[in-house]
């Protein structure tokens, strides 16, 4: 069983998606438990693979028994062994969270197809994470993208259709660029296997074909991760999507896209190429710094919680890409830590936004006055995850920021280190918007009791509250126990820097 | 110096955190909730005092909790200087707890659960700062303190309070960023951030780098409210009075000056500071702050705001002491931390008592108020005299050491600063005393409804004043002894 | 005429044309792709898979997993269209 | 001059694909009509397919289907054909989803051009 686990992580959910469809056709109540069970299985599998990798080293799985370069292989090493549980943890949390919010936000007749697509999206992302073949990566990328377009459009709001179409157009351009980049790599080397590519590429480092492939792949993935200024699809997509979908794409999908970018840059091109052959690190640093600042400034300017969080994602992606630009051990440790940290905290924050929409029907700041009095746990979760976003010690957000700044200073990037620090101040600017509105919005009554609750507004239902609170507590726990975490992260970074 | 491992430092930090959780849980039942506050305060004081004998015997209690980041584990180490701060905070928190309960209940303030929760976490952070074994740990608790005191500052939730809160946050968080940068830089330069008596930076970098680093640290410790970065402190006066007392005496500003002394003694070391010429920089900042803040205080009619400027001025005494880079100056600086805290908390307690009992905040409205609340007014006068540095109150002690330091260090101009400041202190405090005790109200009847505040408030006022007197008569018990050990630690010598 | 779009497209075009210079000539039998995996497939497909059409052999066997992915893409698109366009019903 | 001509003649296949890509991309970005955008997307994708297929060619090669035993032949590279079979399916799927979205947008807003849509979205 364990030796076939990699392929099972992808095929079982595909079968499960069919089952969800068939059983759901019969009775739509089957959908949710089936989805949950499948993702639970994947999560357990992800953890098992991580343990296996930590113990035994890299796992290669030849699909159909065909060895590369002829066949496709799945590779689980310390890097995606670390990413995979993150992806599945967030997917699991979202799945638990989804039930109530889906009941409210999705038309009943669409629920079956919603869960099928939800399952397919997660599966596509898992496939992207574990595949060792670059064209296979593209196929899974498109599976998850198509599922994401539709899921975004599945909310009842007509605007969601526009947002989804925008995303579809830009996503397809990104997909096209990636496909073209893969084509160029294939022309230059004749192989599609990533390890094989890394082996063959150095001979062709001087070719314009390779440079173009690098550019196309980086631009393509930059669109997918919404790196400023290619983020234009993101705010609408995040804002208009149903809450559960927003949580899923803002955490899992965004992180897997980042993973794919890192994987291609480090494991296919290797540091020897992008640090020495074409010195683009300065440019990457500059773009990342601009993304950090611009995203945060735009976030501060928003009047809607969900939209603000969307722009915050633009800013936070900058931190992760920043690590790429510094490209030394300690900064990359910070970057990988931030992949985890940002997934956890942004997942929690978007869950809060979803809960607020679930209860209040809106997430506009002007309607959220004093909401902390009626939804104390929700707002406390926001406060904790928000503190992590700002980088207040001892949260995970602080730890990743610490590593990033340390790495930047070690590499001598003084100015950029200052930008990083300033970025976390800007994060205060937008996180505090909500804190002030929710907790301290001008209650004129000073009699003994607390704020008067608005009629009909209550704390969120338990199934939404639990994953949210767990994620927010994780922000703190991961931050405190960051040292054991580094035992997984550090080898992953060594692997990236050491080449394929 | 003997390092012993012990659990008590961690216990001391955890006690108020546990209490904070219990406060949240029991929020609906006022008495139970406030019971937890008091119980935690007592427990924490016991725990701190339990460590006192071993500290006085020259031991240091250490505990490393968990590995955190490169540069420092989350580790606590109780030494004599940390004990000075911790003991001050623990004693004052107990008194402040009673006072807060009385104050909040008398005014029927809203969101009391939030209030006491934040106070409990904040005191945990303050103790954490006192016991930090390295810069990383110090940073962690320092930032927690910043964030958790914000809800206290904006407690009344008026637009004015929100604006003040933003200012508060802006100053302190920007300061925190500088502090973070300084910590990381220190780690890059030396590969460590653990405090070493006498400093560990010497020779690790060119002078210019170390000078810049020191400026980073100074901005980082903006909680010390040195001018011109003091703006947040008067703004924060919109908070309820127990919060002001907490900010000014128990934790926040104390944490700022504590940090600067820590950096001076345990990161740089006095010799290095002297060779870098940083003493002069500190002396200029401190002198400027002492004089200017006193002048500002003169112009304020609002009692709490005048006290705020007084704090700004008094805190710089500590910087001034450090800047002398002599044993006497350093002694004065360290001694001034508890001495100022005990005196200033009395003044704030009184300001709050006047608000509760008479509803007045402006000094010009307080004419003759001492007739109706004699105990309160007398205590105020005593503490004010103490701040001016007159016997028989503790303020004299630190002033003598500072003066000694000025003479010893051969910088008589600092002596002039001290004298000028004393005159200015008198100039802004004596009118208040005069107004309270001897003033004649414009309308005699307006005083009819005024009486002494409730006992939960009055008793802390009396106790803090008595403490200041006791410190004057028995200075070595235990503060000066602790300071002596701390000085011995960083200089290897003994107080003359 | 949208100038911004034109400029963006021209920029991409320049990048792509730049790459063309280093590409193997049209129909070059010595190109890396043809020489390496292309030849491997041609040499091995019959004995490995036993199908005369090499494309089929790769599609169904060597890279069969891609084909599974392809099927899932269609499945995803089908469900998507159903979700978007159907009214009522149970799907 | 001759070298340039030589280079052109030996690489014109790529050039054609790239020109098609640019046409498609331009339509995708600049066209106001949503359906025309999707047509642009299709041209773009098809151009990429063309690019793949053209570099699969081997001079004098035949379709990669084995001739009867004993007959020698040069086969073209089979792999890009396989890849493009998959990519075509992806392209079709994306187009289908895109068109469904446009249908829905038309139902909701009554317009399928971008400027009009922008106005409608703002009005609501």
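Assorted remarks:
Going by the order they are written in, the chains are A, B, C and D; count residues from 1 in each one.
One rule holds for everything that comes next: a contact is a pair of C-beta atoms (placed from the backbone, for glycine too) under 8 Å apart; a residue touches a chain by one contact, two chains touch by 3 or more.
Since this is a predicted model, take the numbers as computed values, not measurements.
Between the chain pairs A-D and A-C, more C-beta pairs are in contact across A-C.
The mean-CA centres of chain B and chain D are about 70 angstrom from one another, to the nearest whole unit. Remark: chain A and chain C have CA centroids separated by 26 Å (rounded to whole angstrom).
Put simply, the C-alpha centre of chain B and that of chain C have 69 angstrom between them. Residue positions of chain A touching 2 or more other chains, listed in rising order: 135, 139, 142, 146, 149-150, 153, 180, 186-187, 192.
In chain D, the residues that reach two or more other chains under the touch definition are 21, 25, 55, 79-80, 83, 86, 90, 93-94, 97, 101, 104.
Multi-chain contact residues of chain C, defined as those touching 2 or more other chains: 16, 21, 23-24, 31, 33-34, 37-38, 41, 63, 66, 69-70, 73, 76-77, 80, 84.
Here, these are the chain pairs in contact: A-B, A-C, A-D, C-D.
On the side of chain C, the complex with chain A involves touching residues 15-16, 18-19, 21-24, 31-38, 40-41, 44, 61-66, 68-70, 72-73, 75-77, 79-80, 82-84, 86-91. Residues 7, 10-15, 18-19, 21-22, 25-26, 29-30, 54-61, 64-66, 74-83, 85-86, 89-90, 92-94, 96-97, 100-101, 103-104 of chain D are the ones touching chain C in the complex. Across the interface of their complex, chain D is touched by residues 1-2, 5-6, 8-10, 12-13, 16-17, 20-21, 23-29, 31, 33-34, 37-38, 41-42, 45-46, 52-55, 57-59, 63, 66-67, 69-70, 73-74, 76-77, 80-81, 84-85 of chain C.
For chain D in complex with chain A, the touching residues are 21, 25, 28, 34, 37, 41, 44-45, 48, 51-52, 55, 79-80, 83, 86-87, 90, 93-94, 97-98, 101-102, 104-105, 108-109, 117, 121, 124. Residue ranges of chain B in contact with chain A, taken from their complex: 66-71, 74, 107-113, 139-140, 143-144, 147, 151, 154, 157-159, 161-162, 165-166, 169, 173-174, 177, 180-181, 184-185, 187-188.
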